[in-house]
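Two complexes, one shared chain (subunit A), two partners (subunit B, subunit C).
Our next item is the complex of A and B:
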């Protein structure tokens, strides 16, 4: 594996007495599209909150591009883009105004140009002058991705990006993720329940079960390891059964 | 980063029509204060003149009209009531709106995964709120000048200076309430509860605390008696000593001195009265800064 872009070492997080992440060790190489799978409450969002500097872990370390998410927050935030589940922005502002503002907060000097170029790149220049408050879920998701990449980060975090999208929206999102990975070389870390999407877009997967990483390998190796299983869904169930 | 946050917040206030509604309300209130001040002054002077005319008709001497000696700015004395009642509510809403959206809409998650620090964020929001209040007070000052010029024909430099002082004081006073709105937005888990809590604090500061300090003095209504009769009793002594805790009372004291409506103002008392207002603003700023550092922006505030 080339030098990891994301590295977790013994990562732990505890909410009061509830241990939601248990000594998670994980390395993700540059250029990967990583699918982070797990049941509801497995700890996926907690892990993403830690990696995006929103939450301080109670144990272990996590680095992005070699920078510690706790001690080098400023460097980490320069490298990452984040699309939360159910993304919302300032409804009274237009898409371009939202993007321009968020680009400025990411330290982009010519924020207006960056916002316009990003909207053009994602094919949603038509949304630039419309207020975000009037957008449908699909439109919000597209602008959500735009805000996540407006400062051209190296790592893109997507939390349940397909939730609430219609089939066309899901396909569009998949193509966008692949395009970003291919054109801009972004490493993508994606929390998801949609196993069908994972098999189509991800290059590696990790499975989290009650806060513990029980599986981590490339899609190709996974399919080789479980040749008898018909789909990734079957593999996911099988991995869960094998967990201690 | 601070100015970026402040500019965006100002833009949001404009788009939410808070700037327009707030400014229009305060300008209307200022104009009303001027009209009411002029109306009551005019009525009193006419009644006095009528009394003088009757006395002259009866062959009796009449004293000079004492109401003509009232300071020019006393026409705006109603503003001392309107700002703590209406202005502070407006400031509360502005402060509340500044922080609550980033929790309710979960936009805070988008902000804090970027270069901006939480301190820069909250200082930007405070800057936006104080800027809005400063613009509002400046506009009110202009309306006040216009009203006073119409009524009195001319204003001295001293009057203009006092008027500026009064609106700077009002700005500082309103800033306290904007910070209360921010703090309650950070403390409450529900959006609706945040505004209700802020209004609860406003009620306590504006109505309850004054009742437990100067409001308890049984002879207060007998102005211009400054020393209440009942101060020999321990209870009244204690409540009188607690008066600095009532920033409304302090605001009224200083405003009365500036506008020339206070009975016997001294510079020392006036300066001392400013201290609680400034202290409250500093303390609340520190509390908001501290709270935002520990706020969980990974979780959103709901309307449920």
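Our next item is the complex of A and C:
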């Protein structure tokens, strides 16, 4: 594996007495599209919150592009873009205004141009002057992705990005993720329940079960390892059964 | 300009624009400016007739060759009393609402994770939001003062002089500190509770205590307020005489003063009234004496605003910007 862009070493997190991440070790190479799978409450969002510097882990370390998420927060936040689940953005601002504001906070000098180019790149220039408060879920999600990449981060975090999207929206999102990975070389870390999407878009997967990483491998190796399973859903169930 | 300053200014600008686009806030702002305008228009109309009477007296006295003419008993700045009282009550509600909206907007839109996953620290966020609110308050106070001054000049026929402008400016600075403190209170209360609306209710409860209840208790216990026009004036005592009498009631006065000093509103009122000639006993004195006399009040205003800002900074820095759910 080349130099890992995301690395977790013995990562732990505890909410009061509840241990939700248990010594998670994980390395993700540059250019991967990583699908993080797990049941509700497995600890996926907690892990993502730690990696995006929103939450301080109670144990272990995590680095992004070699920077520690706790001690080098400033550097880490320059390398990442983040789309939280069910983001609504600033409804009173237009799509372009939302992007400009967030781009400036990320240190982009010509935020207006960056916002326009990002909207053009994602094929939603027509939304630029419309207020985000009037957008549908799909439109909001596209603007959500736009704000996450407006400063051209190296790593993109997507938390349940297909949640609430119709089939067309899901397909569009998948194509966008692949486009970002291909054109801009972004490493993508995606929390998701949509196993069908994972098999189509991800290059590697990890499965979290009650805070423990029970599986981590490339999609190709996974399909080779479970030749008898018809779909990723079956593999996911199988992996869960094999967990200690 | 440093990157940190740029981010702070961006947040401030964002806060300012968002506040101006809030309907609730706009309604409150219109109510405040309208109430101020009506109050100043009415008192300026009355003032104009009193001024005309005084001018007629002075003209008659000069015509009769009198060399000693009584100075005007009128104090044009005192007509702004209503403006300061509305600022004290409605202004504080506006400031609390602005603080509430500032925090609840990020929560409702779920945008806090977007901000905090960028190179923006809690301190920068708090400072930027605070500066944005200061911008709104400056606009509000400037608009209110402009309405008042123009009404005094055009309706009251008495434009304020440069020294009076300086005193009015100082009163406006005190208003800025006063509103800033309530902004921080609204934002802290909202950030501390799970349901933002509960934060607003808590802040309004504190407003009720600080702006209405405590000053009322203090006023009721004030010996000077026991007679219409003032007890000490009825007794023919000046400020020094009043101070001399009160030295015999130090324990009582300490308790009463303690209650009043707990009230941010009272400090603002005392300072603003001293600067605007509302209290007759202050009228004979110049600005240096007034500043010395009210240093305690401006000190308390500054202390309240500073402590609450530090509280806001601490609250926003410690606030975990977790998206919905927490664990999943």
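One rule holds for everything that comes next: the second predicted complex is superposed on the first by the 244 of 244 C-alpha atoms of A that agree within 3 Å, B and C clash if a C-alpha of one lies under 4 Å from a C-alpha of the other, contacts with A are read in each partner's own complex, and residues count from 1 in each chain.
Keep this in mind: a residue touches a chain if its C-beta (ideal position, glycine included) is under 8 Å from a C-beta of that chain, and two chains touch if they have at least 3 such contacts.
Nothing here was measured: the structure is a model prediction, and the numbers come from that model.
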| item | value |
| --- | --- |
| Fit or clash - subunit C, subunit B, common subunit A | clash |
| Partner chain in contact with A:55 - subunit B first, subunit C second, else both or neither | both |
| Contacts of A:102 with subunit B and subunit C, given as first, second, both or neither | both |
| Which superposed partner A:44 touches (first subunit B, second subunit C, both, neither) | second |
| Touching partner for A:237 - first (subunit B), second (subunit C), both, neither | neither |
| Chain touching more of subunit A, residue-wise (subunit B, subunit C) | C |
| Partner chain(s) touched by A:15 [first = subunit B, second = subunit C, both, neither] | second |
| Intersection of the subunit A residues that touch subunit B with those that touch subunit C | 45, 49, 52-55, 74, 77-78, 80, 82, 84, 86-92, 101-102, 104-107, 147 |
| Complex interface listing, subunit A residues touching subunit C | 15, 18, 20, 40-46, 49, 52-55, 74, 77-78, 80, 82, 84-92, 101-102, 104-107, 147, 157, 159 |
| Of all residues in subunit A, those that touch subunit B in their complex | 45, 49, 52-55, 74, 77-78, 80, 82, 84, 86-93, 97, 101-102, 104-107, 147, 151 |
| Parts of subunit C lying in touch with subunit A, wherever the complex brings them together | 3, 6-7, 10-11, 14, 18, 21, 105, 108-111, 113-120, 320-328 |
| Parts of subunit B lying in touch with subunit A, wherever the complex brings them together | 1, 4-5, 8, 11-12, 15-16, 101, 105-107, 109-116, 296-298 |
